[in-house]
Amino acid sequence: MENTVFTINNLNLYYDQFQALYGIDMKIKRNEVTALIGPSGCGKSTFLRCLNRMNDLIEGCNITGEVKFNEKDVYMNSYDVINLRTKVGMVFQKPNPFPMSIYDNIAYGPRCQGIKDKKVLDDIVKKSLTKAALYDEVQDRIKGSAMSLSGGQQQRLCIARAIAMEPEVILMDEPTSALDPIATLKIEELINDLKKNYTIIIVTHSMQQAARISDKTAFFLMGVLIENDSTNKIFTQPKNKKTEDYITGRFG
Amino acid sequence: MELLKKNPFRDKFNSKKEAIDYFVRTFFMISAIISSSFIIIIVVFIAKEGIKPFITDNNGIGSVNLFSFITGKVWLEGTAFLSNLYGVGFIIINTLYISFFALLISMPIGVLTALFIAKIAPKKIAEFLRTVVELLAAIPSIVYGLFGSGIILVFVYNFAKIFGIQSKGGNSVLATVLVLALMILPTITALSEVAIRSVRSEIEHGSLALGATKTQTNFKIVLLSAKSGIFTAAILGVGRALGEATAVSLVAGNARSGPSFGFFETTSTLTSTMLQGLKETVGIDYDIRFSVGLVLMVVILLTNLMLNFAKKRVGNINVK
Amino acid sequence: MKKIWLIVVVAIILVGLTACNSTEETWDSSSNITVYTRDTSSGTRAGFMSGIGFNEAKEDDSLLVNGFVIKDNTGILTSMEIDEYGIGFISLASLNNTVKGLNYEGVEPTIANVINNTYGLKRPFNYVIRSLDDFENETEKGITLAFIAFLGTTDGLDIIMNKGAIPLDSTQTWDDIKNEYAVCNQDNSNTTIKIGGSDSIEKIALALTEAFAPKCGDFIPEHDHTGSSDGFKRTQGSEKDSDNYKHIGFASRPFKDSEQGSVDTQGQLAWDAIVVIVHLSNQLNNVSAEELKKIYNGEFLIWNDVLD
Amino acid sequence: MSNKRIRIDRFYQFMTYSAASIAVIILSMIIIFVISNGSGLLNFGLVVNDYHAKFYNGGIDNNITFSQTERPESLTSEIYYSEKWGIGLIEEENREGNTIISVEYIDIDSPLRNMRDKNNDNNSLSLSEGSIVSSIKFYDKNSALTIHGAEHMINELDTSDDFREIVYSSLGGGVRGSIITTLYIIGLTLLIALPIGIFTAIYINEFAKKNRVTSLIRSMIEVLTGVPSIIFGLMGLAVFVPLTVKYTQADSANLLSGSLTLAVILLPIIIRSTEESLKVVPDDFRTASLALGANHTQTTFKVVLPSALPGIMTATLLAIGRIIGESAALIFAIGTAIKDDISIFGKSTTLSVHIWSLMTDEPANIELASTIAIIILIIVLVLNLIVKLIAKRFTKNFG
């Protein structure tokens, strides 16, 4: 299997007149955790949303350049965006479980794909919940409302929901920013577990978090990719002055 | 919201802000009490008039038997002003039957139209449709009645003919259902649209990110998340259907016995019965119409309770 | 749920298609008669039922044939445009060429025939005023009395006739008697006279007051017509001192026993003829009281019963 | 995407589109119905004219000079002309759909230009073009009436040398009074119902504890939604009419009592929609505001309320619709007296009660009723645009 999942070439993104991303070139490797860091408004979330074309939903959003997923440009006209999103899952900043049962939340994605067999679904739900380290906590109320879970549980449910689709990549947009430290820790442990099987791209505000969980780190500033290297390098010997300023806390 | 709770009954306020808070809250509470007290005034007023036929001897005619009134299959056995043999059992069933079908037609059309306006249509078309719906909400019910007797009756009459049925000039359950469905459509659409529009976009994005199509998201997630508001729309819609009189009396045929289940039979509703001749009658024949009003209030109350119960169930427990 | 939606959508489309295809058929005399009537509180109904000798059914629906339809005046008229096999009755003033008005006992329903008393199906239009002691002041009383007198003059009759009702007979003109009503020579533009009662008479009453106001010091007529029963109720009955009291009330039916005031406060101003109507394609041209009674009580169920 | 999924997707899409188009089709059918019935009568005069026609009674003296003017060429063949009196009459239809005879031409020398006012000896009257002649009364023969037609009236005039009285009037049937009343009532009712309704919604949603009393209040308001309007009307008659008579200068049912009644009808609608939109405002906003030291009141007015504005706007629009469309309640709470001079403390009718009274006539005037329905639609449309414009301003200010 090819080792590079995403190849981004000269990606520019505009909201109407405003340019949010400038000529991004980047490669993302399989089964690695890539952290995207940078100050607020630097374009890291926008960049993340380019990878599963969630920016399509924003009016007036224009994109030039290439985003190749498994060697195919996802912005080609003929590209099946629905298929892309099943292969590239996403977890959002705020836990956003659907107002239905835990079971239905997880079965939602597979059902949308047309899977109806109860046994298959049961299996998927159990597997996903186990992978998301949630099964033990919720197994006795799996038919209960997802809204009754705690924030951390909800976020893990959202991860389980994404896993249920058996994606290759999971995009995480500041998944722990709305959670307390204990819940955050659990998610981080989970991410460490998951990277064996999945490629994870995570946007985070916390440099400690990036340092703890990621293999690669990319630093964004004002819509420009300043530096992209292994996490160790970025945090110990950054090549760029701006990166150094940022990680040493001189701004941002 | 628990954060906001504070004890209002303190001996003195710690600051001016708290004092203002206290007074504003009291003022708002008074508003709420005023709003809710009207139902008491109405119930007392209707009950006072409506109970009369059952507890007085109605100037020698004799008191109306409550049980046979509630279960009766004929509106009035005998001569008005001289008989006490009133019955509304069949009218209650007719009313519920008609309202159910009106809702059955209106809900899907209204909700889907609301979905179209809120999520699918381009902005300009959405704005246009919204205005159309608001306009229709303002058309007096008598004009709907006019439309009903001018267009829907003809349509139902010819429609029945296709099946070889000779309907009563179109005056029928079907015509009434159609007119009511039309009348509650704007209400349902407008309120559902508000509910759908206020579904958080994160939830929608969550669904899209899972590889659901836009349509799947709209049907499985958006409608589901808006269900509380949609139920509210249904409750208001049913309320209007149950309470509508003028238009109904123009197309129902005002059957005096029943119940009528056939789609081409004439029928009658509680309101149309109540309104019929209200201004022309005196004595028991006048008072009994308030008893009908009382029955109507009870029916509406029970329907509301049922729908609210359903709404709570739907709101709490998993639904597919 | 989804399936129900689908069914509804398909049904509506189907219905829409089929409605376009319906064709006019010839009139079939073996069809059932659909009976239309006003409700029991209607003056027209009372006039009709007593006219055809079916007095018991004036206020009793349970004597009528099964499956009758209750509608108002306009409703019956428009229904008879649609329903080929219906029969109903309306006020002569409402008759137009969209329906067929039947001869009654061989007499054509025209104003002339009502006036010469050959057309028998009719009802009275009555008025009632407050008891003479109940007026708040002399001006109101004077104008009210003058108005009642005006109703009986040829000038009043002309207006009644213009509005399609059938006036009583008179030879006096307003000019002949106006000197008896001195109140009309003063300026009455601050006096409001409240008029109510039957809404069938509203148009006539409105025309009468509009024409009479300039003749009587430009008093202000306030019309609030809510039904025949309110005619008596709000002038001499239970609501005569309420906020809705009236100076003059009208009733489109005879006053009931419970609605009798003193003689000088009540009277008739006109007749209204009642016409039996059917669909234009109906073969029937003439109908008798007896036949009508049999139609309405259910002895005649199909049109052949009447035609034979 | 699999073919099956695409098919299912298409099916759902089709349903949405067809539902929306069905809604649009039936709704536009109603509008087309109203317009096709009523557009014939729609003109500027209808909107500005009085409802009540002004009547005149003209008489002539014995020694008059007749006009004896030849028929002017300009008169079309439908006009009946009398050389002797110099007058041309035509049959037209008035707003009630009845035939009327109106003066199409009157000669400068016509004796009818200089008549005695029978109601005021000091006055003289001049018949003018556009007046409606309802009858001409003679001394020695039957009166010539509208129902006999214009030709008959001219013939009768030609064969007479004098007459006792000519009754003519302005064209009545205008709806100016009803339009003004409607606007008054909309204003008054919103003034009463909006604050109470919005405050109640805020109280229930923001201030009240979640206890039995609150849920009782809520369900009491909910039940109010189902009460048929005719019962509201009867309540208005029993409660608000005596109340307003006692404390204001009104002497019977009046606009104020009607507005109060309507306000009660609107309360549940306003409360419901406002509540729905309050629920949508995220709790974070409230907490954030409170955390900044704002008190509960400030939070409510500065943060919660502006976010709920769109919902309140929908509520207002629905409310306006309901006010304009309501007739059953108002028939009892104000009455059906159609007036030209409007006072808050007097009776008069809104447009929909005007329609109601046209429809209960025998025969009913469907055409004019539809015309008024068009006027209602136009008013609603204009108010709709105004409210939306105001709301836009508001949301801009609040960002």
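As written, the chains take the letters A, B, C and D, and residue 1 is the first residue of each chain.
Keep in mind that, in the parts below, contacts are C-beta pairs under 8 Å (C-beta built on N, C-alpha and C of every residue); 3 or more make two chains touch, one makes a residue touch a chain.
Just so you know, these numbers come straight off a predicted model, no measurement behind them.
Both chain B and chain C are touched by D.
If each chain is reduced to the average of its C-alpha atoms, the one that sits nearest the average of all protein C-alpha atoms is B.
The greatest centre-to-centre gap from chain C, using C-alpha centroids, is found for A.
When C-beta pairs in contact are tallied for each pair of chains, B-D comes out on top. Centre-to-centre separation between chain A and chain C, using Cα means, comes to 78 Å. Measuring from the averaged C-alpha position of chain B to that of chain D gives a distance of 25 Å. A separation of 59 Å divides the Cα centre of chain A from that of chain D. Annotation for chain A: residues touching 2 or more other chains are 82-83, 113.
Counting partners per residue, chain B has 108-109, 112, 150, 213, 216 as the residues that reach two or more other chains. Residue positions 5, 9, 72, 226 of chain C each touch two or more of the other chains.
Pairwise, the chains that touch each other are A-B, A-D, B-C, B-D, C-D.
On the chain D side of its complex with chain B, the touching residues are 1, 5, 9, 12-13, 15-17, 19-20, 22-24, 26-31, 33-34, 37, 195-197, 199-200, 202-204, 206-209, 216-217, 219-232, 234-235, 238-239, 264, 267, 269, 271-273, 276-277, 279-280, 283, 286-287, 290, 295-300, 310-311, 314, 317-318, 320-322, 324-328, 351-352, 355-356, 359, 366, 369-370, 373, 376-377, 380-381, 384. Touching chain C in their complex are the following residues of chain B: 74-83, 104-105, 108-109, 112, 149-150, 153-155, 157-159, 161-162, 166, 168-171, 249-250, 253-257, 265-266, 276-277, 279-282, 285.
Touching chain A in their complex are the following residues of chain B: 200, 202-203, 205-213, 216, 220-221, 224-225, 316-320.
Contact residues on chain C toward chain B in their complex (touch as defined above): 4-5, 8-9, 15, 18-19, 21-22, 25, 31-32, 34, 36, 39-42, 56, 58-62, 67-72, 75, 78-80, 82-83, 85-86, 226-230, 233, 258.
Chain contact summary for the complex, chain A toward chain D: residues 80, 82-83, 113-114.
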